Each structure stands twice: as C-alpha cells, then as structure tokens.
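There are two complexes below, and they share subunit A, which is joined by subunit B in the first and by subunit C in the second.
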Partner chain A sequence: MGTSVWMILRANFYSLVCWYKNNKWLLVSIVIWPYLMSFVILAMGVLYGSLESFKERLSIANPVLYVLTTSAIAMSSVGIIDAVANFTIYHRWIGTLPYLVMTPTKTYKVLLFSSIPESMINITLSVVAIIPAVAYFEGLLGVAKVTMVLLIVYIGMMPLLGLSILIASFTLGIKGEEDVASSLTPFILLVSGVFYPIEILPRILQYVSTIMPTRYVIEVARILATYAIPEAKLLFALLYLLAILTIGYNSISALTLRSIEKWAKKRGGI
Partner chain B sequence: MGLAIEARNLVKKYVSYERRGFLRRRKLIVEALRGVSFSVKKGEVFGLLGPNGAGKTTTIKIIATLLIPDGGYAKVLGHDVVEEAEKVREVIGVALSVEKGFFWALTGRENLKYFGMLRGLKDHELEQRMEYVIRLVGLDELNAADKPYEEYSLGMRARLSLARALLPNPPILLLDEPTVGLDPPSARTIRNLLVDLAHKENKTVMVTTHNMFEAEMICDRVAIINEGKIIAIGRVPDLKRMVSNRVAIELIFSTPSTSLNTIEEKVSRYLSISEINVEPLKEGKAKIRIIGKPGEEEIIASKVIEILYSMNVKVHHVHVQEPTLEDVFILMTKKGGEKWVRVFG
Partner chain C sequence: MKASVVLKIRAILWLHALRFLRYKLSLTNYVITIILWYAIFVLGALMFIPREQLPQIAPLTFWGLVMWNIISNSVWLIGGWTWFFVSQGFVEEHILLNTKPSLVLIGRAFTGLLVSTIATILVMIVFIGIVGKAIVEIHNSVLIVIGLVEIVIMAICYGLFLAALSFIVRVPGTLLDVANFMVFIVGGIGVPIHRLPNVLKYVAIIIPYSHAAEIVRWGIANVEPYLGTNLELLISAVITLSMLITSIYVFEVVENHVKRYGVRAIGRM
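Then we have the complex of A and B:
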C-alpha cells in the first residue's frame, strides 16, 4: 500500500487546519504580527531620524508600505525556517517523531514533505495579512504587487526549504533537543538584509549573504516597493540566482538527509 | 503456525561521551543488546519482560524499524527490518509511550485522522476504521474522542495510543509498556483487549512490560531479558515450574530506621540464601520475600522474625505462597541469578 507524497501533504495540511481551528487566537496573532513589527521598526526609526531621510536613503516612495512588506517577508522566512528546521525537534519533543518515521514510505520523504504545508500557510498568512494596508495606501495596483511578492516568496521558499532541511538533518542526528534553528534564524535575517542594508555589514557577512536565499527575496520586495514598474532585468537576475540556490541547496539537503537518517537510526536519535 | 517475528543474535551498542574538562571527553559504550534471539508465532501474545535498562525498548525499536542493529537480524512476516523497512511498517501497529505522541491541541479523533492519513488510508476506509477503533478501546464511552488531547487522562492516552496502533488494521502489534502508570480499571481494559485481539482477531501482539502479574495474565509465552541478554524464554507455566519445588515466604513489616539493603544483607548472610527480595510498601511498611524449600517455611520465617525483632522492627504478617512469575523474574535478574537461566521451546 505505502503512503504517497500527496497523502503526506494532505495529512499535514489537515493537522494545521485543525490546529488553527482549535487555536483561533494564534491565527489572530499571526495576522497582526507584521503590523506590530512594522510599528516597532518605524517608531524606532522616527526616534533616531526621520521618515524623509529613510525615503531618500532607500529611494522608496512609501516607507510604511516598504517596512510592512519586508516585515511580512521576514515573518515568512522565519516561518519557513521554523516549520522545516524545527520540525524534527518539535516532533521529538511531543513524541510524534517515531510515528512519522514509521510511516510506510521512505523516511526522508516524510521529513521532507511534512513541513511544506506549514511553510506555505505561514507565508500565505504573513503576506495576505498586509493586503488591507496595501489596498489602503496603493489601491488595486498595490494588491497586485503584493500578489507578486507572494509568488516571489513562494519561489524563494524553494532554496530556503533546502537550507532548512540541512538544519533539520543536523537536529535529527543529534540526540538532544538543541534548538539549532532558533539560534540561526536571527543570523539568517541579519545577512539577508532584513534589519540593515547588506552594504553596511562587515565584508565577511556580505559574502555569506550571497548564499542566503532570503537576501534575494528581500531584494525583490524592495524593487516592488520602490518602483511602480519593477525593473524586469534585475528581477529576472534575482530569480535566476534563486533558481541556482534552489538546485544547490536541495541537492545537498536530499543527500544529507538520507545519510543522516541512517546515522540517526544507528545512534538511536529517533 | 508460522512465525510473525524472528530475531537472531541482535546486537546494539550506544555510544555516548562523558565530558572530562573543557576539551577532553571520554567515550562510553553501552551494550544494550548482546545477542538477543527469539521468535514470535502468529496469533500469540508474546511478552518481553525485564527490569529498566534491560534492552526491552531497544528490541522493540529495532523491530519497529526505528533503530538499526549493529549485528544480527530481525524479520517481521519474513521482511528484514533494515532492508525492507517500508514493508515491515505496513504490517505493524506500534505504541511506544502512553504519555505522549500526539498533537496536544488536536482532539483524539483529529489526531487519529492525521495518523490514519499518514498510513495511507483512504477517506471512507479511514472514517470506518476510526469509528471502529474508538469504540473498541472505549473512548466513546468516556466521551473523549472529541476532547483535545491535552485534556486526556493517562488512561485515555493509553487507549488512544492503542487505537492509533490498531487504525490500519495491522496483523502485528508492538506495544512498549502499554499499561505503565495506568489505574487498575484502565489497565484491565487494555489487557482484556490485547487478549481479545490475539485470540479473536488473530493478531500477533508483542508487549514489553516489567509487570509480572500482567505478563502472567495475558502472555502465551514470555522472554525474560536482562542486561541485553535473553535469560529465559517459554510459556509462563514452564517458567514457573522452574521454581515449583520451592515456596515463597513473605513477611510484611514496619519500615525500619536502618536501610532495607541492610536487612536484605543480614537475612541473606544469616540464612545463607540469595533468593531474597526486599521492597518498600505504602503506609510505612516493607516486604521481604524469600524463596525456600518446602518444609523449611517455619524455620525461615522464625529466623527472619528473630532478625527483624533484633533490629526493633515490628512484623505484621507472614504468608507462605507458591512462587509466582515475579519470583522467577527476580531470581533470574538478580546478581548471581545466572544459574536459573533456562530456555524452553
């Protein structure tokens, strides 16, 4: 009989729907989170400077919209890393990991596909949450831009999944419950240009940022928020880089996950 | 009757590291299994008994494809647990811990549906099986199926765990201490259910436990495992026959000011008998159980009472009984118990 990839995706989508149905306040907090984050960033920015200089430095028309969009993307990125990289730790903690591994199919398939529904829902909720604000500031054109951002983030999710699976493989191999992802997330966001422009980071971090998929997603969001008509050439260049990272990360992670799965089963890590 | 499970010379070592200073660490190797062999026939309830750390859970995890052995092999319905892990997973239902293993915010029914989908059950079949197993384990009587898992009592969790194992209707059930920590009515329900599943639905049930009473009640055959080795295997009456020419003398006494180990040592030295077990009871009492030869009961009891009185310990009751499976277990798993090791057919 065996379990198909479709059944793995469906089961995990079902559990998430039930989770949100039973935790409505959690859903509300996810929706208002980009607004809270934007408010804090803008408030701190106004304390030390002015919105005008911010607009000038980043060449953007609407700083509120820009911060909202980048906040939503940052939230999506954190959501993906959290859903994928913390997957094994979370399931080990609640005791469900052995039952997932005992699914009658290849273990790496279960570990690979189980966290995709959560990643997709996290992205969708974070980006869709800012639609009312975007519609208010920019009307239908803004909504169209956000839809494009959502699509770009979905594309950006592909290499990020690979990166997160690498982290998940590492946590599967270790016996304890070290929260590797939580320590790495702020660093990933830092070198992705979420908090500060990449140009002001030390040279070594600038090099690291070139292999961070989130950097290109943020760049795309910046283009969309800055110009009325996106610079098609630059946009395609960024998508091209994302595609390269997708192939690179996912090939390495698929190979790693299979060998680490065997190693974990030898060490008693499951 | 064919074999449902076959394990031959299973060896498993765990490696851990002990930190000794800032950079130095020492490698520690724990031999969890040291050549474990046994077989389980189709349709029987097979018990794997052993004290904590004996290797019960390691054995069940290898059979459930969660661990790869360092040596030997195990087969389930003829499928190798390492080479054909997916085929093995299709024919087993597993319950590893009754305390956790479900999503806390989901109801029992939602959890079952999730794990049923993961097992590849189609919608209609899944709904039917869910209703059946919920009724079978008695979650419907407790009105628990639609309650969030976080509100479940330990008894309800154990039932849900068994329901999940039964959901895909597997021919083989692997259950790791399914009644540990349960109240007597819940434990009884689970035990009766396991016997019914084996004898009425022809399921093979392999259960680990350190509850001898439970093993005696439900198991067709048992294997006693200690320090990673099977030290006895056979039907319960066969194992009990090993001590059939013996009697068990049990004395209940007030907890002394000295340690129970001191009492055990003193009695053992005075009577020159090693088959002694002392354990604390509730309400400031303790129990000493001695295996002796028939006809020596009175002498043994009077000598023990004498020793206890000399230590200002009050004796409440003295019983003489036939030895139980627990006595067999204690004799074999105690230091120096190797002389009792037996393998029956």
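Then we have the complex of A and C:
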C-alpha cells in the first residue's frame, strides 16, 4: 500500500519545522535574501549609473518595486528548484535514497509532494518579506500588487516543480554523489531575464526562455511595475501559458523519472 | 618515521588534485554556476548605466565581481569545506599524524583559485562578446597582479580564520553568505570607494579588502585610489601581512585548544 499524499505532506512539513527550529538563521536568511539581492543590484546600479537609465531600458515606471519583486521571485524560484532537485542528492548523501526509492509509493509522488511544503514556505517568506519595503515605497497599491505576485508565483510553482523533477531525474541517473543540478537554477534565472530585458540575450537563449516558467512570472512583475492597474488580458495570457507549461513539464518529468528510475535500479546506481 | 614538510605539502596538493578529478562533474557545475550568477548580476547592473558610459564602467563592474568571486570562493571552499573536514573526524586524525589541519585547509585554496580562474576566463570571453574589448583593456598589469595577489592572500587568511572559528564555535553558514554579500558593496569591492556615500566610505576603509581592490581598479582604469597611490599600496601590504600573521596565530591557538578540549563544531554549517 502506498503512502497517501496527505501523509507525505504532513511528514515533510513536520520535518521542515523541526529543521527550521534548529536552524533559525536559515529562516531569517530566506527573509533577508530578496533584500540583499535588491540591495546589491540597486546599489551597484545607482552608484555606477542611474535609475532613469534602468527605467528607460526596461520600459518600466517603478524600478524599486520591480527589483524587489523580481528578487523575491528569483529567490523563491531558487528555493523551489533546490527543494526538488537537491532532494535526491541530499538523500543520496545521507544514505536514505535507496529506502525512499524502494517504498511502495511511486518515486514521482514522493519527489513532488515532499518538496511542496518547502517550496510553499520559501515562496511565502520570500515574497511576504518584501511587503514592508513595498508598502514604504508604494503604499497600499504596492502591497496589493505584491499579493498578486505571490499568487502568480504559487501558480508558477506548478510548472517549475515539473521542471525541477526533470532535473532531479537526471541526478538520479548519475552514479555517485556529484552535484550536477545547481547550475540549472542560475541558468533558468538568466534566461528568464530577471533584471534585464530578454532581448539583450543571444537569440538561442531567447528561444530557450520561452519554455521557462519563471520568465512569465517575471513578466507579471514587469507588467505590475509598469501599469497602475494592468489590463486583465495581459495577465491572463501569461496564466494560460503557465497552465500549458504545467501540463507539459509534469507529463514529461513523470515519464522521464519513471524510465531513469527503472534504468538506475537495474544498473544498481541508486 | 617523521614526514618532511615538502612531503606533507605534496600529499596535501595531491589530495586536493585527486578530489578535483574525482568530483569533476561537481566542479564543472560549480564553475558554470559562478559564470551564470556573474552574468545575472553584471547584466542587471549594466542596465543602470547609460550606453555612452558603458566602455568606462563595464570593466570596473566586471573586475569588481572577479574580486568578489575570489573572496567568496575562499569562504565557501575553505570555510564551507571545514564542515566536511570536521564531520568526517579529519581534524583529530591529522593532528595524530602530526600534520597541521590548517595546512590541509590551505590546500583547498588550490581548488578555489582554479575554479575562480576558469570562471573568470570564460566570463571574460562572454562579456567581450556583449560589451566589447573594453573589459580587457587595462592600464597597468603590475598593479592588477599586486592587488589580486593581496586579495588572494587575504581571502585565504579569512577562510582559515573562519575554519579556525568553526572548530570551536558553531557558525551558521547562512550568516557567512550574508556577510559576503554585504562586503561586496560596503566593502568597496564592487564599487570604488570615492563613488560610495560618505558614511559607507568610512565602513569601506575599515574593511581590509577595499585597499587591495582600489589598487586593482587603479591598474584597470587608472582610477586614483581613495587614499592616494603610495598610501594605498603601503596600507594594503601592511593589512595583508597582518592578516597572514593573525590567521596563523589564531589557528595555532585554536589547534592547541582543540588538542585540549576537542572539536566543537557540530552539525551543518
């Protein structure tokens, strides 16, 4: 009999709470990171150049709101990918991966639902953390916009989880404890155009960016930083794209994980 | 039989070279990760710079990130590796075999420098494509070498200092990451001191790296160091020497403490 989804979620949530209880600074760092990232970009930018130039290049009205929200999106994306992709590496390091793979519950289910509590906490903390700064610079309208970003990041988490499982499948296929997935996080952020327009990237990277969920989440942040009240069709077009990516990535990752797992079990690589 | 110092150094370099080859996929991945983060930050920062000023500012931004990379690598590759070294019980083992743990940890700089060099060269190639040759056009290569060597020594000393501390106290790794990030701006590494706001200028002068960073910038774009050319050269040399002596002394003290009371670092850093 397989373990229910609820039990996996509950167990992982409990494990996470215990982990944070013993590593309080880790929790604090999730809150600090979006500010640090924004600080470095804004400070470097302002000390070398000007906010006006940034506004002009990105065609946005509010650079501070934009940098804060994209930093929060970037850090929550890092959190989601790390939660899933590093799951296999972490369990391989501590020697529990074979037990997890051998349980009657499907590995896909274990991977997907084990990472949801951590992903949710990462997203919520990263985005909620910037609310005080946004409220200071933008007032209530800014807070409303950040709430909207939070919802979109939750939606963007669905395809990103599928993509992360795809990355985790490849790490499962590698014999040994080498970390080959961590460079994919900055790559996804790079092609998503975190702090710059995608048009400045080489053409091939621009094509790659069209299948990256984070690109569309960042696009939402850009729209919100440009218009006081954005047009509904702009946001809904992006939501539909995220829905398509969710179906695509999760179907591909389920199939890929199944075949790699079968191959790794036969080869004795787990 | 007592092993000679040369033999010990050879063994330590062999250990790190072996690890480098054994974990080649991890290291390749690490190099790529550095390059990509570089790209994200540099591209972000360049968006603030008016197009006509790009050739003057881009090299300063790029070299600022190179220096930051050397410093942060020493924290992650020396300070961070200490966790593994301690948790595997290697501190006691090396002491029993009459080899200083500090010597083993310094060897980690070999990996760090190799990673930084490969990443810098690759990023340079990418950025020549984006910004043009302005990034490699330098004013005085000797000054750049002096500044970079001082930064490397300071970074190794800082890494060793952290490693020594982590033998006796539990330092959360996340705090080190935060400190690293802050040092980039307020430490005068990413931005020349004269461009910082007045209050931050005081902070930057106190942070040891800023003086060597000013020398590197002097060599790159002929930006006169904040405290003047001769004084900055003198101060950076004195600070480098002091950090070297202090880190060796601190490690000696900590090693004696460990021999008496044992290693105290527990859990994940």
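To be clear about the criterion, the second predicted complex is superposed on the first by the 260 of 270 C-alpha atoms of A that agree within 3 Å, B and C clash if a C-alpha of one lies under 4 Å from a C-alpha of the other, contacts with A are read in each partner's own complex, and residues count from 1 in each chain.
As a convention for this text, a residue touches a chain if its C-beta (ideal position, glycine included) is under 8 Å from a C-beta of that chain, and two chains touch if they have at least 3 such contacts.
Note that the coordinates shown come from a computational prediction; the quantities given were computed from them, not determined experimentally.
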item	value
Three-chain arrangement built on subunit A, subunit B and subunit C clash or fit	fit
Touching partner for A:L36 - first (subunit B), second (subunit C), both, neither	second
Which superposed partner A:N23 touches (first subunit B, second subunit C, both, neither)	both
Partner chain in contact with A:G95 - subunit B first, subunit C second, else both or neither	first
First (subunit B), second (subunit C), both or neither touched by A:R57	second
First (subunit B), second (subunit C), both or neither touched by A:T103	first
Which of subunit B and subunit C A:G139 touches, first, second, both or neither	neither
Closest approach of subunit C to subunit B (Cα atoms, Å)	5
Subunit C-contacting residues of subunit A that also contact subunit B	22-23
List of subunit B residues in touch with subunit A within their complex	14-15, 58, 61, 64-68, 70, 86-87, 89-90, 92, 94, 96-97, 99-107, 110, 113-115, 117-120, 148, 164
Residue ranges of subunit C touching subunit A (in the complex, touch as defined)	23, 25-26, 29-30, 32-33, 36-37, 39-41, 43-50, 53, 57, 60-61, 64, 130, 172, 174-175, 177-178, 181-182, 184-185, 190-191, 195-196, 267-268
Residue ranges of subunit A touching subunit C (in the complex, touch as defined)	22-23, 25-26, 28-29, 32, 36, 39-41, 43-51, 53-54, 57-58, 174, 178-183, 185-187, 189-190, 194-196, 200
Subunit B-touching residues of subunit A, taken from the complex the two chains share	1-4, 7-8, 10-12, 14-15, 18-19, 22-23, 94-96, 98-106, 110, 262, 265-268, 270
